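Presented sequentially are two complexes of chain A, the first with chain B as partner and the second with chain C.
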Partner chain A sequence: MHIPDGYLGPGTCGVFYLIMLPIWTIASRIVKRTLNARQVPLLAIGAAFSFVIMMFNIPIPGGTTGHAVGGVLVAILLGPWAACIAITVALVIQALLFGDGGITAIGANCFNLAFVLPFAGYYIYKTISYKTPISSRRRVIAAGIAGYLALNIAAGLTGLMFGIQPLLYKTANGRALYCPYGLNIALPVMLGEHLLVFGWVEAIVTALAIKYLQKHSPELLAEGRRIE
Partner chain B sequence: MKKNARKRDFIERSLIGILSFLKGSLFAEEHALKSGFMQSLDPRIKILTFAIFIIATLLAKSILLVLSLYLLCLFLACISKINLGFFLKRTWVFIPLFSLFIALPALFSNFTPGEELFSFKFAGLALVITRPGGLTVLLFVLRVATTVSFAVLLSITTRNFELLRVLRIFRIPQAFVMVLGICYRYIYLFIGVIENTYFAIKSRVGTAMRYKRGQQIVGWNIAFLWVRSYQLNEDVYKAMLSRGYSGEPQVLNNFRSGLRDWLWLIFVGVIGICIIRFFH
Partner chain C sequence: MKIISKLWIFISVLIILSPLGLLLPERFKASSAWGEWGADEMRQLVGYIPKGLEKFSRFWSAPIPDYTLKGWEEKPLVSLSLAYIFSAAIGIFICVGVVFILGKFLRKK
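Presenting the complex of A and B:
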């Protein structure tokens, strides 16, 4: 899901930086307005948390492993705007310090993983769980469904970004300059692997983490704990 | 036996991943402390010039131009006293090799029609590699490898805290400024926490476990990492107060740039301008 440099053309990278600029500004203003001084480290620790979630290998049937992105879980725990900042910081650190995800693609990666994923996941979770008590089983199911759907929405958008590259950038004789596959290949491939494997990993991790928090630290799931 | 070994190892895989990640990061700091060319530059100028290199690589349409930039990157690694073997391994594993793997089908006429270069039969299927297919894959993989190489060279020749401090000097919203500074340190702390937890689980379990049990363990670990994070928040806040935190972050800016930094910026700027003109 982390798009490296060289997959997207310069125009696409620029457009997603431009789209993300107002989102980052709004997120920064909302979080600054609602964040009390005591919660400042929580946001940073949330960013570190969203970074390390990706390091947990989750066993899947057949003896192999996958990893979750954790964007929906962070959004449920911190609220979507704070999650946007936390995941952006995690993605910037990943790109700059560890070369994971492109520097020119930070805008596009943040749009998919720090904006679409947490916002879609958070509102799906909120809609399904509605006003049920914190300990309700419905919240666990809501978290799972939110994780699954939001990751697939983000994966679909990534496939879309890849798929439009041969249409936007090609040489005079029609050769693709960046991602070589069109929408007819990029979109089904990205969606297929996430619908069949990674979406389920995200759903399981999000649901199980919420289930354990319900049982052992329900106060951390209370609405007032979020930075909104 | 082999199958069982493969199945039981999700904890071990995590441990190996985390450990190699830690070692890689420590190793990277080791390179940043060497007295090479890149290490001697002002980090602000270095970030700016590497951004120019990466954007130039993205804009370049010709394979020869991208190859020239890649060779320049390898030369910069050499004069920065980076072992070439280490650098090639670090840059090619995993992203460029993965890119090569996913780009391979584009070699064939089914995906990229055009002039035939080479044909062969595989499992009864006649496969044709085309000239446009070969050029597309070559440009794509070379571009990815070049941009990854520049990004990795920047990160391994710059001390991590300097790299993040440079970001803080630019006009980035305050919320991001505060979060960046604190986050980086806690990543290492959390990796240690995960590592210790997995060692503890492995020492108690000691045998194969079903994947469902494994998933429960991972879910439990993630949830409790958050519980610990929340508890840690209060301690960190008190530590910040004791060091004089008043609600506004203070950014130190003690970078110094000399003649060599400016000459380097001019040199890279000229390359960038030439490539942009070429692109248009």
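Presenting the complex of A and C:
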């Protein structure tokens, strides 16, 4: 789901940088208000976890690959704003150092994976787990559903971004300038592969981690410990 | 053991296991992620390389492209796996460094 350089036109890239600028500003303000020195290591672990989990490419035999983002787990543990910062750090390093995701597409990729994904996941988890105790089974299920849905929402948005390119940018002879696949292909493919395979990986990762933490470190799941 | 230490150990284990993300797609003959093709793959898929895509795809030359050392693309899988572990370790080292520097600026006074 890392959009490379050249797949989105300059206008699309610019718009998403412009959208992300205030989001990054608000995220740093909110985290600044609430971050204790003690919580910095947890934020670093969040960025590291998201970075490395995205390297675990899962194959669809004979087809494409995809991966989890780990962003929903980071959002549940640290709150969505801190997760936004942690995932942004991971995505920027992936793009600059490893060419995974484009430099021109950092705004777009961060919008999908560092903003929409953790926020959607966090609020779905919070809504489903509601006021159940920290140790309840419902929280494990809530984490799984949040992981599944949030990854698919992000995948759908990525498909939309790819898919609108042929509408926006064409040469005089009708050839695509950037991503050549329109909405009729990009959207169902991106959504389909994540609904069928990769969404489940995010769901399982998130649910298992919550189950483990319920047993071994419930204080991490408690409200207030989080960086709101 | 404190949970933070356990989580660091968990991250280290993930770094060591990371080559699975390289070997499994290889084993099951899965190609690139959808929408992340290189120029050659693009030509095979749609018959041409979109002009803008060709121009912007050379916009940035990453120092460790695709988690492989430059010029190592044709090396055996064992070498590629080691390069993958190295990439994961160095990437995480930098992630952690950046967050700690950000933390200096962001934490409550």
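Keep in mind that, in the parts below, the second predicted complex is superposed on the first by the 214 of 228 C-alpha atoms of A that agree within 3 Å, B and C clash if a C-alpha of one lies under 4 Å from a C-alpha of the other, contacts with A are read in each partner's own complex, and residues count from 1 in each chain.
By definition in this document, a contact is a pair of C-beta atoms (placed from the backbone, for glycine too) under 8 Å apart; a residue touches a chain by one contact, two chains touch by 3 or more.
Just so it is clear, the model here is predicted, and its values are computed rather than measured.
After superposition onto chain A, partners chain B and chain C are found to clash with each other. Touch criterion met: A:M1 reaches chain C, while chain B stays clear of it. In the superposition on chain A, contact is made by A:I204 with chain B only, not with chain C. Legend: residue contacts after superposition of the two complexes on their common chain; A:I141 is shown touching neither chain B nor chain C. Of the two partner chains, chain C is the only one that A:T158 touches; chain B does not reach it. Shared-chain residue A:R33: touches chain C; no touch with chain B. In the superposition on chain A, A:E193 makes contact with chain C only, not with chain B. With both structures placed on the common chain, the touch criterion links A:V15 to neither chain B nor chain C.
The single stretch of chain B with clashing C-alpha atoms against chain C, selected from 181-189, 199-207 or 235-243, is 181-189. Counting contacts by the rule stated earlier, residues 4-7, 9, 28, 31-32, 35, 37, 39-45, 47-49, 51-53, 55-61, 63, 65, 85-86, 89-90, 93, 95-100, 102-104, 171, 175-181, 213, 216-217, 220 of chain A appear in both its interface with chain B and its interface with chain C. Put simply, chain B touches chain A in their complex at residues 3, 6-7, 10, 13-14, 17-18, 21, 24-25, 28, 51, 54-55, 57-59, 61, 91, 95, 99, 103, 106, 111-112, 132, 135-137, 139-140, 143-144, 146-148, 151-152, 154-155, 160, 163-164, 167, 173-176, 178-184, 186-187, 189-191, 194, 211, 214-216, 218-227, 229-230, 232-234, 236-237, 240, 245, 247. Residues 4-7, 9-10, 13, 24-25, 27-28, 31-32, 35, 37-49, 51-53, 55-61, 63, 65, 70, 73, 77, 85-86, 88-90, 92-93, 95-100, 102-104, 171, 173-181, 185, 204-205, 207-213, 216-217, 220 of chain A are the ones touching chain B in the complex. Of all residues in chain C, only 3-4, 6-8, 11, 14-15, 17-18, 20-22, 24-25, 27-36, 42, 46, 48, 50-57, 59-67, 84, 87-88, 90-92, 94-96, 98-100, 102-103, 105-108 touch chain A in the complex they form.
Taken in their complex, chain A has these residues touching chain C: 1-7, 9, 28, 31-37, 39-45, 47-49, 51-53, 55-67, 85-86, 89-90, 93-100, 102-104, 158, 162, 169, 171, 175-181, 186, 189-190, 193, 213, 216-217, 220.
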